[in-house]
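One structure follows; several queries about it will come next.
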């Protein structure tokens, strides 16, 4: 039987326990740093602390992503009563040196320090990633110490479900999966739907090339995702939730499953959550990594154990979803915003952002930049700030050519629009989209038809094959783009590329096909000359 | 058709300028066909569930930014539908061209030459040639079944066979494997058809095939005629007890 | 120079069935002969494709280097090029060899492994044209003005199409219909 957690007592105990250490050394255990060798770093830190018999004074804490992935593995030493130091590109050797510095065995480690006052850190605003990189994602107590699950407590004890939806409506939160649908409207649809059982699904089937926002959120702060799910379920009357995660995210799956077990053990899931009459079960469902399963109808088919292909809407999931029951699907990042909205209030949340795009957005910053990694920025920030301040500009003396947002569904934004604020409407007006948060910066060496071809190849490979325009159209678009890139295309081929793009966009069954031509449209719009040059060079 | 249910709400629908009355639950396709509009279909078949994969029945609906499928879109009151605008006609032609380019549709040597819905559709949409390069996929035929042949070179993945087998015969021998352009039909769990123990030899899959992909064994060029009305008749007979109309 | 339109027919990679269907026009051929100058065709004694042709019906797909050269020649010298029959329009049976995709393997199978008694690959430089890697429909090699599919197009359809061309209103397929196979 679950013993209900006393959130305040656990938080106090946890903070008290932390204060007993003279230094806490945090070592990034997120996928990017692990692949750069963070595993041996952590072992070296722990061994050095153990060898010095300093386990009572120094705590080594494996955390999630600290952000600047291109400088990983990252280690952050937080000595009590002194300012913290962030170390970059730490090796096992370096890890030992860092530990020995704080055990007093040496004066300072020979490891490069990363200045945390650079714009990469200062220009960010962390809401969803508030605790990421700071806490041990495998410990419920760590999350509780940061104020975790207080929003659930508040909601269950002081608010009606309708009030929860109203607060979210006032916050202006919109879906972070790409389309930007108002979250409160979606919640309202499920709340109003009639059904014995209702389902909430967290969509963690992130698949855009270069994007890892959702993976990071799930890996680094799984309880925040769970808390968001509990709030969404309470607001809508759902009693079962699923987190749909792709199989390529093994540590996200492991950490979520542990988080679910711990939450259940502490009375945060199951019957009578926090001793209230509300019940909710959460289970992880693992996808096989098909991009199309991020589309909600295909995702539901996959959860039901069927072939992951989309189906025609209507009916919409909130009318007839999983096993015919009303179902709401939200992106992981959207849900991870809910605890802060309920705990901190709608006004505080809405004070960040622009008129129609409130709050923050997490981006996976990649490409030709000095600094790449995971960032969370206030909506309305300009692309220029992201590229030149946070990203530190273009390396190797090259110049900025375009920023690609929205992944294979998005578009390329040229230098002329660098001062555009990053919000749903502005990006759409430029022929791109917010998307789930992939942001790839390209320098002047990049050929835009090649970029379009790259994304088309992705869509072609990921097409489920159900509808003709996507299945066969992406193949032909890819072939036409290849012909153009090879300088073998004629003007007629270019015309055909455009008219086929329109057909694929207008006639495909689901979002994958409907948006697959977007990179073609946007590169044609801003860089038509590159196409014409290649065509003119052909026969 | 006899009216068995209590009369639902009447709706006014305009199809290509023709005012029609319709009842709730009817699709745009139902009403358009009554109005005499020639909306082509491929994956849709009366008697089977709606699939929505072929996209040739797209129509324009007032107030919608993208075309809608006639087969799956329910009519609403005051709906205005245009079934053959210039854009729709061009979309349909491109979709048919894509189908011809992705398979190996050599009409001249096909069992269904002369009674093929894809061949007819090419004429209907004015496809006098295919602008896209042919893909020439290498797909082996399955002639392991004693009575039937499956030639995937002619398959357009409309899944009529999958649905007829699962929904009307209840055997679910057929399904789709792999994805995207690599998608192909399988019998059983990718066993040769002749070794598929769940196949009842009923032949419904063959009767519904719009092309020459599924055929009776031993038919020569142009000799295969399908019987696409059968499943619609069976479906109605079972759900509505209407057994008249076929010998 | 005669005032009559100059008319040509070309036989590329095909079975000549389209030409047979053309011959099925019987007595109308006499009428046609009165209206055009037949300047090139399988039965004319011309070595090279002539200049200033008004209408050329092209049967067959582009399968070998001779076909390719002739296709470019005829395009350069013709006002209205008609893709005549399924092989020209789609590749048709001629293109079935594309399913294998390897011309060497194909020739080996047909001339060496097959029942051919000589058991050698055909080769005579300048006489036997090398195969192209892939058989192509005519329009993927040169621009085509009018498409007349069919295997073969019936005599009636050929006549309707040619009459339309002679009347100077090409390309309205409603007159001659579209039918593959």
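Each chain gets a letter, A, B and C, in the order it is written, and its residues are counted from 1.
In this section, a residue touches a chain if its C-beta (ideal position, glycine included) is under 8 Å from a C-beta of that chain, and two chains touch if they have at least 3 such contacts.
Computed from a prediction, not measured in an experiment: that's the story for all the values here.
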Maximum centroid distance from subunit C, chain identifier (CA atoms): A
Pair joined by the larger number of C-beta contacts - B-C, A-B: A-B
CA centroid of subunit A to CA centroid of subunit C, Å: 58
Gap in Å, rounded to a whole number, between the CA centres of subunit C and subunit B: 34
Separation of mean Cα positions, subunit B and subunit A [Å, integer]: 40
Sites on subunit A at which at least two other chains make contact: none
Subunit B, residues touching no fewer than two other chains: 131, 133
Interfacial residue positions of subunit C with respect to subunit B in the complex: 83, 86, 89-93, 95-96, 98-101, 137, 139-140, 144, 147-149, 151, 173, 177-181
Interface residues, subunit A side, partner subunit B - complex: 290, 292, 307, 311-312, 460-469, 471-476, 479, 496, 499-500, 503, 505-509, 514
Footprint of subunit C on subunit B - complex, ascending: 100, 104-110, 113-114, 119, 122-123, 126-131, 133-134, 136, 138
Contact footprint of subunit A on subunit B as seen in their complex: 50-55, 58, 66-67, 69, 72, 87, 90-91, 94-95, 98-99, 101-102, 131-133, 135, 156-157, 175-176, 178-183
